[in-house]
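Below is one structure, written out as C-alpha cells, with a few remarks after it.
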Amino acid sequence: MMDEVVFIDGNEAVGWGALAADCDAFFGYPITPQNNITEWFAKEYPKRGRAFVQTSSETASINWLYGGASVGKRVITSTSSPGWALMQETLSHMANTEVPCVIVLVQRGGPGQGTTRHAQMDYTSATKGGGNGGYKNIVLGPYSAQEAHDLVQVAFYLADKYINPVIVLSDGIIGTTLETVTLKKLEFEKLPEKDWALRGKGRQKDKKRRVLTSAQGLVPTPRNPSFVALQNTLFEKHSTMEREEIRYETYQLEDADLVLVAYGYSARVSMEAMSQARGIGLKVGMIRPVTLWPFPYQQVKEQAKKGNKILVVEDSLGQMLMDVKMACDDGTEIGLVSCLDRHEVMEGGAIYPEKVLDKIRAMME
Amino acid sequence: MMDEVVFIDGNEAVGWGALAADCDAFFGYPITPQNNITEWFAKEYPKRGRAFVQTSSETASINWLYGGASVGKRVITSTSSPGWALMQETLSHMANTEVPCVIVLVQRGGPGQGTTRHAQMDYTSATKGGGNGGYKNIVLGPYSAQEAHDLVQVAFYLADKYINPVIVLSDGIIGTTLETVTLKKLEFEKLPEKDWALRGKGRQKDKKRRVLTSAQGLVPTPRNPSFVALQNTLFEKHSTMEREEIRYETYQLEDADLVLVAYGYSARVSMEAMSQARGIGLKVGMIRPVTLWPFPYQQVKEQAKKGNKILVVEDSLGQMLMDVKMACDDGTEIGLVSCLDRHEVMEGGAIYPEKVLDKIRAMME
Amino acid sequence: MAKGSVIINEDFCLGCGYCVEFCKKKSLTMSQDNYTSQGLLQANFSEPESCNACGLCVIMCPHFAIEVYKVI
Amino acid sequence: MAKGSVIINEDFCLGCGYCVEFCKKKSLTMSQDNYTSQGLLQANFSEPESCNACGLCVIMCPHFAIEVYKVI
Amino acid sequence: MNDNKELVAGTPKIKINVPVPLAFCQGCQHGSATRVIWDSLEDLGLEDRIIWVGGVTCGTVSAFISDVDAIGPVPHGRAPDIASAMRRLSDKETIIITYQGDGDAIAIGTESLIQAAARAERITVFMVNNVNYGTTGGQMAPTTLIGQKTTTSPTGRGTNKEGFPINAAELVAVLGGTAYSARGSLTSPANYNKTKKYVKKALQKQIDDIGFSFVEILSACPANWGMPPVECLKWIDNTLTKQYPLGEFKDLDALV
Amino acid sequence: MNDNKELVAGTPKIKINVPVPLAFCQGCQHGSATRVIWDSLEDLGLEDRIIWVGGVTCGTVSAFISDVDAIGPVPHGRAPDIASAMRRLSDKETIIITYQGDGDAIAIGTESLIQAAARAERITVFMVNNVNYGTTGGQMAPTTLIGQKTTTSPTGRGTNKEGFPINAAELVAVLGGTAYSARGSLTSPANYNKTKKYVKKALQKQIDDIGFSFVEILSACPANWGMPPVECLKWIDNTLTKQYPLGEFKDLDALV
Amino acid sequence: MGIERHNVIFAGVGGMGALTSGQLLAKAAMKKFKNVTWYPNITTARRNAPADCLVCYSDTMIYSQLIKDVETAVVMNNIQFDTMKNRVKSGGLLILEADDYAENIERKDIQVIKVPGIKISSKIANPRVINTVYLGVYIGATKTVPHELVKTELEKRFEGKNEILKMNLEAFKEGVNFGEAA
Amino acid sequence: MGIERHNVIFAGVGGMGALTSGQLLAKAAMKKFKNVTWYPNITTARRNAPADCLVCYSDTMIYSQLIKDVETAVVMNNIQFDTMKNRVKSGGLLILEADDYAENIERKDIQVIKVPGIKISSKIANPRVINTVYLGVYIGATKTVPHELVKTELEKRFEGKNEILKMNLEAFKEGVNFGEAA
C-alpha cells in the first residue's frame, strides 16, 4: 500500500492511517457522519487477521479499548459527538490507569442529538473537560484527509509514548470530503516494550504478575504508591506534553497585520479567505494549531504582542476563542467567526470563506 | 420544618433544600461519598408522597431526570465524579431540548475510579467541558452545609428560569461534614408556568400538542426553526446568564495586597488561612466565587489591575486557575495551592489551612 | 357488493408495490410511466371496476398515499 | 483416624464463627476473652483432641485465618 | 370530497398533515408500524392523554407527525428510562409509550429495557425490528440473522465472532415485571390486524395498571436489505419469522 | 513448620501474603467466593495464563491479592466488555475471567453482560450475589428480595415501585451464546464443593472454546444484612435460595 | 483565470444521482489535475431530500472544499433551484432542467443552459439516467475535463452491468452533444 | 484563648467507635456553642482501617472544619499514633491508650494522658465501650462541655437499649473520673 495515491475521504483515511500504524483492533458503534470508518474496518480488518468488533454502544466501545489497551495492543475507535459524550467515564479511567488508545471524534452539530452533519462543537470537551478528575490528553486536529491519515499514526505514537489516550478531532466536513491522499507509513522513534501489559503472569519476562488499576493512588501501584504521587505523575506528564508536543503550522505571518487562528475544516475555509484577502492587498497571516491540546499559546501570544489583530474562525459558539483569549492580554483585538456566521441556517450550513473575508475586511478596513 | 436548626451534613442538607424547593422527585444511583443523599430521599420522599427511585446506573439517572423534566416536574439527582462522567450525553440532550434539572455533584478524587474521598477535580468538566456541543450550565459551589441547602433552592429557581440544567458542585468534605444548618424555604420571583411540558394533548390549555426534541434545529421547533436559530438562542441564553447570574462573596478586600480565590471546601480552608495571616499582619483578602460558571472574571480582574497578587486554592492540579488566568493580564503574579500541596499523600489527605498560610507567606514576604 | 374508488396521492406514493401485491381484486397495478422525482414508478388505480372498497391497500401502504371510498 | 492440629491466625480471624459452626468434631469454639482490635471475639482451637484434620473449617473461613495440619 | 363517496379507509386522523412524503425509503414499514399504533390509539381513544417517546431510529419522525404530546429523539437506547420517569410523575390516566428500533432497544438500550421490564414499569415499549441499523446505513444489529450480510458484516454474520441474534420479545418475557410481550409483523392485512390486536392488548395492560408491556414489530427495510419491497415482505414471512416467530410470549392479568 | 506436622488445608498459594486481614467485614463471603475461584484455578493449573478483571464491588480487592495478572476496578458494570476485548486480542491459551458483584453485573452492567452472552464471548463471568450494594453501604440491588429492607428500600422492597428481583443465572441462560450458567452458594462445605464444580466447569467451557460461561455465587454480607454471620448462612439456605435456586441452568457442549 | 482551477455543484434530490455525477467527474479530473476535492451536502433524512455535491479540481492546492460562489451549478431538480441560483458567481454557468423552468432566469450576469433532461433520459431509458445526461452537458459545455476520461470512469462504475452501462454511455453522449451545442 | 474555640480529634480503627464519640461530643457541644462541625476521616475500605474525626466547636464562625494542628487528640489505637502524635499543637493535649504506649512520648511541649482504656472497658463490660471511656476522659480532662450534656446525648443514642446504655454511662463516668484526676 505504500506511497499509493488514492481518492478517499477523511474517514477512510483514518482506516488507512490506523493500518499503517499497525493498529491491532477497531471497536466501534455506528453513528453519522463517521459510519464509513466503522465500515472500512469491517471490510479491511478481518481479512488481514486484525480485529474488528461492532460494539453494542459507545460506552461499550471505550471499554473494549480499555481491555484491548490493557493487553498491550494498539486499539482505536471512532465516533461522533453524542457517542463521544458517552465515553467520558472510561476515558478518565484509562488516563488514571495509564494505558494508551486512539479515539477519532468526527464532530457533528450539537448539543444533544443535534444534527448528523459537521460542526466543531466538541473542542472544549475534547481539550479541557470530558470525564472526571482533570486528566489531560493530546488532541490532534486534521484539516485534510491526508492529515487525518498522517495524524492517526502520530496519535498512536504519542499514545504509546505517554501511555495515555490521544484524541483525533475531525469533523463532518473533513470526514466526508473525498481528496487525493498519499498512503504512507510514517516513521517514529522506537518505543519501549509494553512491559506493563497483561498477558498472563507466566508469559511475563520476569514471571511476575502485572496489575493495572483505574484507582492508582487509592490502591498503591508500583509507579504511584500514593494519591499525591499519582497526581504528581499526571502533572509531570501533562507538563511534558505541554513542553514537547505542541504542533502547529503558520502561514504568511512575516508581514501580517491580522492573524487567523483556525483548525480542521475552518482552517481550510480560512486559508481560502486569507488567499482572497492577500489578493486584495490585505496582510493576513494564519496560525493553524495541529495540537489543540497542548495549544500553541506562545505562538498566538507572540502575534498579539506584536500588536496584530487576531481573528478566530471556528464552527461553534466560540470555544477555541477561550484559548486564544488566554494567550492574549486585555488590549488585543480579537474577532470571532462562529457558527452564527454560517451562510445557511439549516443543519447543512457551514462557514464559507466569503464570511471570513467579510470579517477580515471589517476588522482591517 | 421551617427555620428549624439541625445538625446535618452537606449531603443531607441537599435533601432538605430540595424539599424546601418543592422538588417532585429524586432519581439516583449509589456512589460514595454521597450515598446518604440517596438514602435521605429514600427515607423522606415516599412518605411525603414524592417520588424516589433508585435507578440502575447514572446513565439511567440522568435520563430519568430528562423524562421527569419533560413532564414539567422539578427533578434532582446527585452523584460523584465517575457517575457525573456518565451523565454527559443526556445532559447535553437536555440543554438542547431546553428542559430544567438540578444535578448535585459531590466531587471525589480522580481521575477514573479514583478515590472515594473528597477532591475538587471536576471543576473544568462541570464548568466548561462535559457533554458534546458546547452548551453551558450554571454551576453553584456551596462551601458549607447551610449553603448546600440554600443553593439547591437557588439551583431549582435558575434551572426553571433558564429552562436549563444547573449543577451544584459540592465535594466530599462539604458533603460529609456535620454542621448546624437552619432549614428555611427561600423566596424567589414567580416563574411562568411550564406551558411547554408534556402532559397529554387533551390536558394542554390550548388542546394543542407539545413536542420536545433534543435535535432542535434539525427538527424545526416553534422556538428554533433552524439550527442557527438554536445556536442563537443558546448564545443569548449563555450571554444572559453571564450578565445576570454571577454570584460571589468577597472578604476583606479593602486593604488587601494578596487575594485568595477559592470555592467549596478550599474556601473554608482559605478563610482560616486568611484569618491566620491577618493575625500576623499580612493583608490578605479573598474572593469566593459562588457561581463557578458564570465566573466572576470582572471581580478578579479588578484585583489584578490594582496590582494585587492572586493566590488560587483548589484541590486539583489547577482548573479554576485557568479562569483566574483568563481574568488577569500577563503581569499579574498568580500563585496556586493545589492537590500537590495536600498535607498527607494518601486518599484522605487534604489541603490544610497551614499550607495555604505557608504559600501566602512565601508570596508576601 | 360495494363498489370502491381508490385515490392515490402522487406526492406520497413511492411505488413500493405493496398495495398492488395485496389487492385481491387486481384493481391496482404499477404504472409504467408515472415516475416520482426519484425516478420511481408509482401505483395506478387501473381497474376501478373490480374494486370492492375492502381498504386492504390502505393498511398495507406504508406511505399514507391511499384513500379508499365507497361509491354510494 | 488421623489427628489434626488447627492454627488460627489471630491477625486474620474476625470471629465470624463459620469454622465453629461447621466443625463436626466440636474442636473449635468462640473465645470469651480474645478480642480483635475491633472488639470482636475470635475463634479458639479449644478441643484439639477431637480434631480429625478434615479441613472443612479452612474452606469455610472467609478470612484465610486457618491452617490445618495432620499430626504425624 | 365527493358527495356520493364515503371514505372507508384512509390516513388516521392522528397523523399530522405534511405536504411531503415522510422521510422513509420506498417500502419502509416504519410507516406501517406507526399506523398500527395510531389505529390502536384511536380505537382506544387515547390521543388526548398519551405521551409518545421517540427513540433514535428512522422512525423517530413518527413522534413529530403524530398529533399527540411527544418527545424525541431521546438519548439512544434510553427511551424506557425516560418513559419510566414520566410514568412516575404523571397521573394514572396518562399513557406512556416508546417507539424504538431494534438497535436502539436491545443494543445500546439493553439496560434501559431490561430494567424497566424488571421494575414492572407501567409503560409500553414498541420495538420495530428491521434486523439492522437503518438510520446509519444498514449496519449489523443484535437482531441480524446468522449469515446475513450488512455493511459491518460484509461476509455475513457468523456466530463465532458476531454471536447470536437476540430475541427481544422472548427475553423481555423472562423478566418478573413483564405483563405482556408479543411479536407481530405487517406483511399482510391479516398480520397487520393480528399485530394491531397485540398493540391494543399491550396498551390495555398499561391502562389496567398491570405491568410492563412490550410489542416487537418486524418491519421491512428495503433500502438496506437490498431487495425490492415486495420481496422484503416475503423474506420476513419465509425467513425472518424462523428466527423470530410471531405470537404472544407472555400475557398476565396480574403479576406474580 | 513443625517436622511432624503436615499441612492438609490452608490458604491457596495464589493468595498474595499481606500482613493485615483483607478489607472484608466479619463473615463476608467475598473471601470464600475468591477462594473457590482460586482453588479452581489451581486445580486447572491456570495461574500463569489467566487475566483477572475485577469489577466494582467489595470484592475488587481480590484482584489485588491474587498472584495473577489483573486489572480493576474497571468501570462499573463494564467488566464483560473489557474481558471481551482481551479475549479477542489474546491467544487461545489465555483465560479471561471477571469477578463482579450483583449490582455491578446486572444493574449498570446489564448491557455489557447480556451482550457478551449473546456474542458467545469466550470469557467466564463470576457474579457474587449478596442481594445488595455492599461497597456503598447496603442499598437495594436488582437482586434484593421482595420485602427486604435496605438503606434505599427502608420499608422493604415492594414490587409495585421497586419491581421484581432479577435472576441473573436464568436470564443469562436464555441468550444464544451462553454455553454454561449455574448458581452456587458457599453455606456449607458441601455447597462450597458443588460451587467449585460449577466454577471449574465454567472455566472448562472457555478452555474448550465453546461459548460464554457464567457462575452466580450467593454470598453473605453480614454488615448490611444486619444479622450475625452464622445466621446469614442460614438465611441464604432457607430464604435466599427460594428466589435463587441453586443448580445449573445451561450446560452445552456446543452452541446451536 | 491564470492557473487552471474549477469548481462545480451538482444538485438534485436524494436518489437522483447528483452525488454520483460529481464523483465520476472528480475521479476523471484526478487524471488531469493534481488536486481534487468532492464534498457531499446531504441532509440527515437521506430520503426525498435535497442532496448536492461540490467538486473542485485544480493544479494548485485547494484551500477550501467549501465555497459559496461557484463557477458552475448543475441543478437537476427544482427543489434546489432557489438555493443554487445565487451561488453561481458572475460570469459563471447555470445548467438546469428546461421542463422545470420554462420562465426566464432573472440573472443576466451568468450563462444559462436549459436542458430537457427528463425528456432526453426518458427517451434513452428512464429518468434514472438523468444525472449522467447532466454530467455530459457539463463536460460538453465547459470542456474542463476530456470526455474520454469521464467515459472511462463510467465504464469502471458499471463494470459487469452491460445494460446499465450502455444506457449511461448513451445518456452521457447525448448530454455532451447538448452541452457542446449550447 | 480569648473567645472560646475548641477542636479535638478522635482516632481509632473502623468499628471502634471513634466517630461515634466525636458525634456525641458534637451534639452535646451544640447546646453550649453556636457553631459546631464534625468531620469524619475514613478511608475507602471502611473495614479494619484507620478512622478518625475532627470536632470543632466555637462561638464564632468556624472557618475550616479541617485543621492540621489540633488542641486535643484522643488516640484510641496504636495504628493512628504515628500520624496523630504530631498533630497536637504546642500546649495541647494528647490522650492515648496506656497499654499500647508503655514507653515515653518524646514531645515535651504537650500534656499527655495515658488511659488504661482496654482495662477499664473490659472491667465494665467489654472493649466495645472503650470509645465512651475515652470520651469521658476527654470531658473530664478538658471540661469544655458539661458532662451532663454528653450524658443526655448518650441517653438519646441508646434509648430503649437499657443494658447497653447502662454500660456506656458507666464507661463514661469512669472516663470522666479518670480524666479529672489526670
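Read from first to last, the chains carry the letters A, B, C, D, E, F, G and H; within each, the first residue is number 1.
Note that a residue touches a chain if its C-beta (ideal position, glycine included) is under 8 Å from a C-beta of that chain, and two chains touch if they have at least 3 such contacts.
Predicted model only: the values in this text are computed from it and were never measured.
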Open item on the list: If you apply the touch rule, which chains end up adjacent to both chain B and chain E?
Closed with: A, F
Open item on the list: If I rank B-H and A-F by number of C-beta contact pairs, which comes first?
Closed with: A-F
- [ ] Work out the mean Cα position per chain and let me know which chain is farthest from chain B.
- [x] C
Task: Euclidean distance of C-alpha centroids - chain F vs chain H, Å - done: 41
Task: Distance between chain centroids, defined by C-alpha means - chain C, chain E (Å) - done: 26
Task: Mean-CA-position distance for chain H and chain C (Å) - done: 88
Open item on the list: Could you work out how far the Cα centre of chain C sits from that of chain F, in whole Å?
Closed with: 60
Task: Multi-partner residues of chain A (at least 2 other chains) - done: 32, 53, 56-57, 59-60, 82, 89, 93, 97, 113, 115-116, 213-215, 218, 344, 346-347
TODO: Could you list which residues of chain H touch at least two other chains?
DONE: 44, 48
TODO: Could you check chain C for residues that touch two or more other chains and list them?
DONE: 38, 40
Task: Interfacial residue positions of chain F with respect to chain B in the complex - done: 56, 73, 75-77, 103, 107-108, 110, 133, 135-137, 139-140, 142, 151-155, 161-162
- [ ] Would you mind writing out the residues of chain B in touch with chain A in their complex?
- [x] 59, 81-82, 84-86, 88-89, 92-97, 107, 109-116, 119, 121-125, 128-135, 213-218, 226-229, 231-232, 234-235, 238, 316-317, 319, 322, 325-326, 329-330, 339-340, 342, 344-347, 349
TODO: Would you tell me which residues of chain F are touching chain E in their complex?
DONE: 107-111, 114-115, 118-121, 142, 159-160, 162-166, 170-171, 174-177, 255
- [ ] Within their complex, state which residues of chain A touch chain E.
- [x] 29-32, 35, 38-39, 42-43, 46, 52-54, 56-60, 82, 113
Open item on the list: Under the definition above, what is the set of chain B residues touching chain E in their complex?
Closed with: 24-25, 27, 51, 53, 55-57, 59-60, 63-68, 70-71, 73, 75, 89-90, 93, 97, 198-204, 207, 209-215, 219
